[in-house]
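Mind looking over this structure? Questions follow.
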């Protein structure tokens, strides 16, 4: 089994961090083979941001994502670049506060940014909300694995809010199932 | 016909200049094939000085002097390095004011430095005196060619003294013939 | 064995490898895509008694790590193309003075500033020939985050064993991707051999390598980049001293090329053999996993000195297929040792070769007869 | 034709060649054994409306001549090994921006400061591969004082025609020896082609070379060492733009390698063929004069790009014998194009090969079968 | 020529982050050039590598985006070959004073007739926020995670000691004064060095409690002390308060320049 | 340890020309080291390339003869790894301020605890007499056959502007004062820069009407103005006469140094 | 003359809100075309430039424009009568 | 103590003739072993060091030695009685 997940959005939304946390959860706490990559570009300082995670039962040699089956999209620009071509059998999570288009594939609208702001007071939790949603939608890792990885990665003192963020994300998807 | 001439002495004696003048005389005013080379060395700033000229009727490809037939030697150190191994059929001109050893080959003692000082007032003419001596001893170029080359190479205003230096050198050898 | 696993990018793993190997001095100058190495060292070294210094440029960075090495530390710097080019003079100095140092080059698209954030392998020949004069060096090439750690450790051991600059020739792909990595803390350390009392500072032992006269240990030695005799003093006029010195310095590495070698040989009986190092190795492995038993594979973890004898393992070889993220740099070296046709598969611009592209190249390989054939993707 | 003969050393002849070719800007930094070139330019240029500037280092020297070239002048610098190593980054920049410049390297013994006053040919591969990334350049190699003049003129023409850095890879022997030299004043000038109105500044013509947008002529162009598209603007994210740019820049030289070629082929029917460039050519010629009709000889006045087709002239070749004042650098390139055995005859330390040594090498050549065999003198 | 013609409009918007001061400095420079009525073909912009050095890509005239730190050496070649040309160099604190420090002091020593606009944001912006030779003591950057523990350069003092004919410092808040200073720099023969303290909210501000560009502008406004005032204070024995810095014109002299038409 | 033990006796006589001042500076340096009672194994000499930089080959202790201009960068590595070590750098005007100018100002900025003895003979001696950044205006060299037309550096001013803790200038005539200055330099923590005006009769003197070393020494004696006197003159509005230069101690301060044991 | 913000260029840095002596720029609230929050103009007719530029034939203040790091601020000619046109949409 | 010039080191620069306050060094006239003209010593016993070094147990002047660029000047212990020994050669 091999799953390719693409995260995309704007700089500052925590896109890369989300991908790294997921990768970490799968690699360290789920004994999967994982490669996480991201795109850099001096041409777009503070602009677009994208990252990909490949999670597999077998070793992952070729590290480039060829056809992701899961998309997490947090800006319209990113949607235009990646989401537009998502195949019908893919799964997409998008933040409807930023993305107005809708794909042909199965799609969850996860208003992560606005929920983060309203429920947790800060938009920085949006990416972890997205991870909670992703967990619920895919079950790609266990909850424990993901929580572990989140707690490894976030600043001291924000643990509770991050756990709440995970739950909020899960709930946002669960309600759409 | 190919003649290899080695000039050696101390820095400041005009060793290189002498070689260049001879080379010039042969190359430009005698239609010979000529290569002039010299040794450099940071290890001996202002110390030993050596140069070689190859004069030939045919093109000179290999530029290194292998067995010089003519030696002009102006210091004991230089004698030790080069003059000692001069073969019996070679010809040597040395300044007895600096060199105390004597070779197995034919040898002219040319007190160029002291004569320059006494007859021309300055030791700088010693090298041109040596050239005059060399001319007389070998006839390797014509007098005209050598004079041309000397006049090409020396500072304005010193022409007369340099011509006298040539003559002094010639005379010093002639008297020993 | 204490072991810690983490999920890190290659650059960070490299810094951790250096620290595990005992590197306690890092001098560097930031440049994409290698900067994370310096940043990690800046965060880690002060906590463990080491020193991080950001120098004014890359020339100074190499100079400082050479100085630091003579002061007794295992030292390292990291850079990418443009900075690497600036290091060339002092790399030659390190070779000439036989100073153990480790230099990481996380390769990006060149020439010049080129593509700062894209992967490439365009500096492989520069790494070997970029400084003036004849000399030799050792260069490693990692193809995974784990190898960024492991080969960095190895680089330090080779540097000390052979008293030479050692290069980790990584690339942006491996430097920036994250994988699981075991951070062994008790890695094997092969320290440099200290100069013995009475031993001349530049006289070779049986391996051609002189003892190392660490500064401050009372050896009273003089080190110079000029041609020098065995007592270390300049001797720039003697052809013999020079020839002997350079022959020894080159020989101490080249004569041991098949000892230094670190390769994977897969399917040695195959007829069509991929040769790869660094990121392209991953694609070759992917292809080998997709269609097993079809092709042979020679993976080079050490590229310089080139392990020529490993070519002999492939007894049935009909062609060597060499995918590189450059115009065929190591292929030229392979050519030195074989008359078997070589298929060059260059790829520029930062994207990896895909498995499909390699398959196509393998098809071309079946038709070639000339010594060198290039596949245009 | 106005002609003046003089008895000069190679370095001075080189400076005179540059002036004859119209070079009016020289930026340099002194280094043995190339300094006389700068000194001559310092004396001559101010008298003829040109400018000499001594820069703070060699990095600055190349930078200044690149700037000067964009301002419209034919520009040059001269250096030797250590300085050459420092030039590597900006040489890559010149390649990437397709700036015509001429760089003289009067080679001395390396690596590092090595033997400052001794001849060598140790920088031949550095000249080709010393900057990071894939690029191509042109390099000439003079073997007489006359060629120091003539090939310097040629270097400027090639630089302008191909819009590339061109190297005159001389050595201490040729730079410092004096011979008779004809200082032609009306040498052939092949100027660079000015960018036409409406033409894109980085779009190739039929030869793969873009027009040159001299600064101050109203072209309003932007020049960058980043990967750029045909309009000259940075475009660092696209693999296609990068691959196309680099392929074109390399191709504009490599595809013309046999047009650029400048060789002497002597005794093409011989079985044992010497291949040489620079100072060793003189010894080969001496040997050929001593024992005529015995050996073949391929003399390279242009070493890079390597004129591979010239090897084919030797139909009966049983071995190529390659004397070099390095450990066999160009021999590696010859090997790329032939399966005929190659005999490497390296000589280090500053002394030339002697005719006797070459004869010995030719004897060895009669016995070889391996692709590469080294003769130890 | 209109001001907007001095921008390479087909390259805008530029790549700079929101709030980055580089765009402001670009405005002031082009305004100075426009006010002086330079012709495009007489004007050349040269820069090194860095966010700041990207400025030469947005000016509409011949421009040379060179290698990191070397812009002044390239500019020296351009100017010596074409002394008529107005040559303006954009550089950053890293480009100018880290890797480019030698060319900087030598251009000042030669007093070559260039105008150097050094955008000092106290950081390496382009590579993501490492310390520079101008990072203030104690400041946090990605390579000084425990606070910078080396002293910073005073670039204006260096330029003065090295020989520049015109030296001034302003900030991206002082747009009028800055424009005026660049104008003066272009007018004074010899090397003119104009340092502009500029905000990099992304790489410097975010790590040093000034996430917003506007916070950094406030900081400049508060900490910039006019030279006349600073001189008064010094005379009165009052040292500059920590964190403050002096702005104004420091040097205007007429030592022999290099690369001006007459001197050729 | 005796003074003569500080010389690598098996390398003497050295390669310097007759009358070259480098040997004198070597004497003063080793005398200072000896007076301070340093131990050989605690002392390291580092140099770049040039006649002056050959000095490190004649000192008896660990020594590193590096690449042209880079000595201070090498020294930085040695010192940071072994802060106990006394690190003395020999350099020339070319080595220090031409190719090495950047390392020079950065070593001063970092204020790293090194003692730099810069032998300024106003010329590139080793390569046969080309102009250096310290060649006086108008002087003849092989690359300025019509007279130097660029301004020279004032190295002491540069060192001060860049941040060095100790800065002094003497000449090879002032052997006592020079020895004392080097001693002070070794004692003051942080970067100490001691410039020594030194005769190169071969490459500089011979072209500038001072063929004899003794003529150059006379010139130093006549043209060196003590700082106290120069300060008095300045206060009185009397400018320094052309051709004269100031000698003395210019800076002695206690800014935080780098590379001293405590700061590690 | 009319003060305009080019919302394809503006990155919402709010520098203009700092420098205008008349406080004409006010922090905005809603993202523009590229996702940045663009300032809104409060009584731009108070702007010296808007009022007097035509009259004096040259730029009079321009602090905002010179400061705007993104070259997003400019003045356009007002269409005659345009400000008075009232379009009623149903 | 006795002042000596090592003529394998001295290069005849005459710097010592400049700096000795007692004028003990005088320009020489004849070349030494290596061809350089070596200074001659005029009444070296006037030298402070020669006279008093032993007495004070430390170097007292040393200007010549510190200045000598070629490390050619030093003091050696005089052999007891040696100065008084008269060797008559026939």
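Note that the chains are named A, B, C, D, E, F, G and H in the order they appear, and that numbering of residues resets to 1 at the start of each chain.
Please note the rule applied: a contact is a pair of C-beta atoms (placed from the backbone, for glycine too) under 8 Å apart; a residue touches a chain by one contact, two chains touch by 3 or more.
Predicted model, so just to flag it, every value in this text is computed and none were measured.
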item	value
Co-neighbours of chain G and chain B - touch as defined	none
Comparison of E-G and B-H (more C-beta pairs in contact)	E-G
Averaged-CA centre spacing for the pair chain E and chain B, given as whole angstrom	61
Length of the line joining the C-alpha centres of chain D and chain F, rounded to whole Å	39
Length of the line joining the C-alpha centres of chain C and chain G, rounded to whole Å	57
Multi-chain contact residues (two or more partners), chain F	16-18, 20, 67, 99, 101-102, 106, 126, 133
Multi-partner residues of chain A (at least 2 other chains)	41-43
Footprint of chain F on chain E - complex, ascending	99-102, 105-106, 109-111, 133, 149-154, 157-158, 160-163, 255-256, 258, 263
Chain B partner contacts - residues on chain D that touch it in the complex	5-7, 32-33, 116-117, 173, 176-180, 279, 282-283, 285-286, 289, 351-352, 354-355
Touching residues (chain side chain F, partner chain H) in the complex	4, 7, 12-14, 16-24, 26-28, 31, 172, 175-176, 179, 212-214, 217-218
Residue ranges of chain D in contact with chain E within the complex	24-25, 27, 51, 53, 55-57, 59-61, 63-73, 75, 89-90, 93, 213, 215-226, 233-234
Contact set on chain C toward chain D in their complex	59, 81-82, 84-86, 88-89, 92-93, 95-97, 107, 109-118, 120, 122-123, 125-126, 128-135, 224-227, 236-243, 246-247, 250, 326-327, 329, 332, 335-337, 339, 347-351, 371-372
